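Labels for the chains are A, B and C, by order of writing; each one numbers its residues from 1.
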């Protein structure tokens, strides 16, 4: 288990140790006989959603929390925000124990769920923001300032009075985010924020999140499936798989540790020998005129030179291994 | 065709039974309500000191209420059935239209399945209640009357379906049909005769009620059962009921056709 | 505490705005409810054409009982009843309860009062009208003390009903569907429309001491008519308070269960 890795000397805002969450459900056999059996003798099946993980978050950090479906990301986020109670382990968020859900604690955090909207369907965002002001007891001038700033950042100024049901998914998402941040929470949990958003809206959202993180006072923990989110937005990456943390560090360390390769893309001028190229590295793609070769990071320059001398090529490009490949290889490795 | 119908019916029946605990509770609630009304009438008879009120003896009244309650339990619960409205409003109708059976028949069959299911549970429930009250109940043995009673019940089922389905079909034009169905259900509870025989109401009110098809739901069948209506009168009443059915069928057909035209032209 | 009052006002405003999006639907609902009340009144009238007393209750007194029941039922249904009986199970199922419990206010507040049926105020008018009419028929023959007791017992009825509805709603933390039970309860409380004299012996005892539905409309009405002993008054208050304490404890357990066993 990698030791907690920090990129910042700032105070710890979130600190979780040995976090464990298990839950059970009744297993049911298919068919009518299964239903009958389940009525009398339910078989309990235990699932360890999260197994003894450690997690840290500092003020000013933007940490990406990724893992395959069912790895325990959302469960962990819910434990950190106090929605769920861990079975074992300790959590400290800004000096509070989350699952006690003390008022002071709740006023310092925000949790934005991926697929669920808080804002009322028939009402404009403006109304819900007012609701937030009263609930979070935000003083008037601070509320006005925060609202102005956030609305501008999220670019929703002209849709504040439009009912949610008339807005697009991207606009709704941005309204949700503003609502969540009005009370200036110090720790922000985002569960799949760019889920179901198209390219343009996802980018806008990313910019918004980055702008928020830039002011250095907030700790942001987000989960995502989207590689662009992770690559472009996060300072640090935590990968969870099968309820355990398999990596905790920045992108460079990730590449270094799991897949220290580069990809060389070659455009050939004419016919070429497959076997000859395969000697030099890992041939991941081969077409009539094109090939992609994976090569260890250190050897890139040498191999590239060899290719240029041995083959008749039109163009050669050297790229970082795409993040998906790295992550996929991590997911595939599980079994250890 | 028959096989298709049967399979739709069977599927709907099984769907209902998946939530049987919930439905048993709902039926129990209905039985409870009727029992409370029974208690009420027991008190009324007690207070009056008479053996007969409005032409009904105590035994007849209790039988009337239980019978009415049973009929109501499987009519009423499906009066809340929003399937048709929902299918129209959320667009599920589109999927149904490309299937080789007209959606209207599907809804009818599913409603019958629901009625059959509730009827079974209701029957079991009321049978148990009847065991406790058996000395106070009247049982009908005359075969001819029983047949006519059955016919009247069938008419009640059809009439109720047609009435509420026409409201459901309004979903083609209106955003939410719940208000209509709720209002009609409220009227049906009293105007159907389930909590009090309609003859107890003052004359003018009875005339108003007679203008609606509701008396055929509970009041008419129960009167046949309790010998409160002569053979000679039954036939004309059945004819009137048939007229209502014809009228409502016509209404349903018009609403369905017009509504479908609107639905398919709007690309909803 | 002032915050909760402000919140309540805000929730009323938001609920009203949301309801106005469905205006025609709402008017029909009010119409339906009024029709229901009228028809039930006609039912009582028809009954009283045959008798002049139900147990000890005359028609005018039954009218008061009826109006009182509807008043309590009305307040209950525009505030907490739908939120708890139908809203809460839906929130639990959909997972949307999460966003409510991390708001810095008591989760029970939102669970009970998030949606206030504001438009239903219109059906309050016939309800109130009926009450005034009933009092008029009784010649407004009550003292200030009796009126105060009446008000107190109505508030008491609401606390009692809140507790019961909360207990039933809390069950949905463990099962997926508690709406059946809520319906049974609905039907059972309708007993409150009728004077308890319709029951004899066992059942009368039952509805006063075992499942005290008598608290809902019977006791307030009796208080106004000067027929309620102080013994019963204290009994009624004690019942509700006790049940409310149990209900809130149960709710907390349910919420804890939700945090422990969800994922």
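The rule is simple: contacts are C-beta pairs under 8 Å (C-beta built on N, C-alpha and C of every residue); 3 or more make two chains touch, one makes a residue touch a chain.
As the structure is a prediction and not an experimental result, all values here were calculated from the model.
The most distant chain from chain C, with centres taken as the mean of CA atoms, is A. Each chain gets a centre from its C-alpha atoms; the one nearest the centre of all protein C-alpha atoms is C. The centroid of the Cα atoms in chain B and the matching centroid in chain C are 29 Å apart. Between chain A and chain B, the centres computed from C-alpha atoms are 55 Å apart. Per-chain CA centroids place chain A at a distance of 47 Å from chain C. The residues of chain B never reach two or more other chains; the list is empty. Looking at chain A, one finds that none of its residues touch two or more other chains.
Against chain C, the residues of chain B that register as touching in their complex are 19, 21-26, 28-30, 32-33, 36, 39-40, 42-44, 47-48, 53-54, 174-176, 178-180, 182-183, 186-187, 189-191, 195-196, 200-202, 205. Here chain C touches chain B in the complex through residues 22, 24-29, 31-33, 35-36, 39-40, 42-43, 46-47, 49-51, 53-55, 177, 179-181, 183-188, 190-191, 194, 197-199, 203, going by the rule given at the top. Those residues of chain A that touch chain C in the complex are listed here as 21, 23-24, 47, 49, 75, 78, 81-85, 87, 99, 101, 103-104, 106-107, 109, 111, 113, 116, 118, 120, 122-123, 127, 130-131, 134-137, 163.
Against chain A, the residues of chain C that register as touching in their complex are 3, 6-7, 10, 14, 17-18, 21, 94-96, 98-99, 101-105, 256, 259-263.
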